[in-house]
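To keep things clear, I will list the structure first and then write my remarks on it.
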Amino acid sequence: MKKILIINTGGTFNKVYNPINGKLEIDKTSSTIQEIATKWLCEFESINIIDKDSLDMTNQDRNILLDTIKNTQHSHIIVIHGTDTMDISASYLAENHLEKYIVFTGAMVPYSIDTVEATANLSSAYGYLQALDSYGIYIAMNGALGNYDKVKKDRKKGVFITL
Amino acid sequence: MKKILIINTGGTFNKVYNPINGKLEIDKTSSTIQEIATKWLCEFESINIIDKDSLDMTNQDRNILLDTIKNTQHSHIIVIHGTDTMDISASYLAENHLEKYIVFTGAMVPYSIDTVEATANLSSAYGYLQALDSYGIYIAMNGALGNYDKVKKDRKKGVFITL
Amino acid sequence: MKKILIINTGGTFNKVYNPINGKLEIDKTSSTIQEIATKWLCEFESINIIDKDSLDMTNQDRNILLDTIKNTQHSHIIVIHGTDTMDISASYLAENHLEKYIVFTGAMVPYSIDTVEATANLSSAYGYLQALDSYGIYIAMNGALGNYDKVKKDRKKGVFITL
Amino acid sequence: MKKILIINTGGTFNKVYNPINGKLEIDKTSSTIQEIATKWLCEFESINIIDKDSLDMTNQDRNILLDTIKNTQHSHIIVIHGTDTMDISASYLAENHLEKYIVFTGAMVPYSIDTVEATANLSSAYGYLQALDSYGIYIAMNGALGNYDKVKKDRKKGVFITL
C-alpha cells in the first residue's frame, strides 16, 4: 500500500449550504474528506490550502500548490480541485516535471448535496494511485481516468470524458 | 481507459429493506450498481449471478463465477461479493491461473443504508483496475487494496485491513 | 380526515442544485412534494404557482395567491413559501378574512440538501390542519406552530420561534 | 404552544444497522428523535422505555407504558411504537379513560434507512397534538390521522389507512 497525501484546494467538492444567506460556500476544513474516511472505514492524511472556487484560482495559487507538492515527502498525491480550471492547474504542474504521482479530482455536485459522485471520484483516484507506476499528472473524474491531457470537462453536459 | 465488467454475486453491498417483513434482502437486479453509475455520471457494464449472501456461497457457486469469468471476453473484472467468504472465492479463482485482472469488492454496510462505503469500495476497485499491470486476483475494501492474500477482514472491528 | 390542498409558491423548500452553473434554483415542478408523499406512503394534491424566492415576492404575487385560495373549493390549505417574507404574505391574506384554514410552511434548508427539516415542516403543517377548528392564517416552522402573528423568523439564528 | 413529551417504546422507527452481525437492531437511546430535533431546528423532550419490537410487546410492557403516562405531568404525549401491535397498545390505553391527548406513531421503514417517513410520521403527530382539543388516543401514520380505532395498518400494502 502506498501512503497518499490529499491536498484539498477547494471547489464544488467541499461546498456546504449556509442557511443564513442561502448560499453554497466552500468549507475550509477537511470535513468532507474526513467524513468519507470515517464512513469508508479507513484513514486519510489531508491538508487544506487555497480554499477557492475553480474560477478564482490564479497562477499565484498554482504556485502555492506547486510549492506544497515540492515540499512534502509524499510521492503519491491526490489534489482536490474545482472542475473548471482543473486542466489548467494540472498543466501548470506538468511543466515542472515532478517525480511524483499526482491525481486531480473534484466533483460536479457537492458531497453535501449528493454523496455519491464526490465519494466515487475521490475513491477512484485513490485506487488509481495505488497501482500507477509512472510519474505524472493525472485526472480521475466521473469514471474517466488518465493522463491530465486525455481527460476533459464537457461543459455542456457537465461531465468529464476521456479524449 | 480499460473496459471493465462488473460481476455482481450478491452480498451486503446490494441489500435493501423489505418493509413488509422488516428484513434486509439481496436485490437481485443491479439497481445499486446502476444508481452509482448514474450519480457518478458514467456507465458500467454489469451482470448479476448467484445473488447470495457470503455465508451461503458454495463451491458450486464459485464454479459458476469461474465459468462466467472464463467465458467473458473482458480481461478487467470487478467481482462484487459478500465480505465473509470473499477471501475463499478469491483463493478459489487464484488456483486457476486466469490471465485476467480481477478485483473483489463489496460492503460492510448496504448502499441502501449508507451510500459512502459501498460507493468508495466499488470506485477504488475501478480506479485500481485502470492502472494494474499484472494479472491476478486482488481485493479492494475500506481503502485497503492489494493481492487477495494481503487484504483480510478483521471480523471483530468489521473492516478490511492489509497484512 | 380533511382533504388538504398544497399550494407551492417556491422558496428554499424546493431548491435543487444545477451542476452546469453551480447554483441552487427553484424547481418549478412539485417534485419535492411528490417525493415526500411517495416516501411517506400517502398522496397529496398540490399545485405550483409563482415559483419565486421569498425576497422576489411582490403584492401582485400575493394577489395571485389570494385568488388561488378564493377560487379553490378546498377549505384546508398548506402554502409553501420562502421564509423571509412568509409573515408578509400571511398578513396579506389575513386582511381578507377568508373562511378557510391556511397554514404557511417552508424550509431553511432545501429538501434536496437535507430532507429532514422540509419534511418535518410540511408534515407538522399537515397534522396541524387535521385538528384545527378555527378559521385563520397559521405558520408551522421548526416545531413552532401557531397563529401567523405569533410565529416569527429569528434571522440571526436562522430558525422560527413562537412569540 | 403545548409542551409535548415523546415516549419512545422502540419499533422499526429506531432500528439501526449493526455491521458486525448484519442485522437491524433497536437503538435504545433516543438518537433518532434527537437527530430529527436537531435538523428540524427545534427541541424535544423524550424518554425511552421498553425498547422492543412491536411483536415482542406484552401486556406487562403495556402496563409500563400506562404507568409512565399516568406518572408524567405532561398531558400531550407522542408514543413511538412498532406498527404491528400499535392498535393493541392504543386500545389498551383507551380502556383507562386517561384525561390526556395521546398520539401513537412509528415507521414502516427505519429512519436510518430512509429519513422521510419516520420524520413525517413524528412531525404530523406533533402538529396534530398542537391543535387537538379532545382527550383521546390517536394514531398518526402515513398521513392518516385520527382516533385510534379509525386508523389501521394494511399489512399487505405495508401502509396505514383511515377506515
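In this document, chain identifiers A, B, C and D correspond to the written order of the chains, with residue numbering beginning at 1 in each.
Note that in this section a contact is a pair of C-beta atoms (placed from the backbone, for glycine too) under 8 Å apart; a residue touches a chain by one contact, two chains touch by 3 or more.
Computed from a predicted structure; not experimentally measured.
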item	value
Distance from the mean Cα position of chain D to that of chain B, given in whole angstrom	39
Euclidean distance of C-alpha centroids - chain C vs chain D, Å	26
Mean-CA-position distance for chain D and chain A (Å)	45
Residue numbers of chain C (touch at least two other chains)	108, 114, 158
Chain contact graph, described as a line, ring, star, complete graph or other shape	ring
Chains grouped in pairs wherever the two touch, ordered by label	A-B, A-C, B-D, C-D
Interfacial residue positions of chain C with respect to chain D in the complex	1, 35-37, 39-44, 108, 114-117, 119-133, 140, 142-146, 158-160, 162
Touch list for chain B against partner chain D, complex	12, 17, 19-20, 22, 24, 108-110, 112-113, 155-156, 158
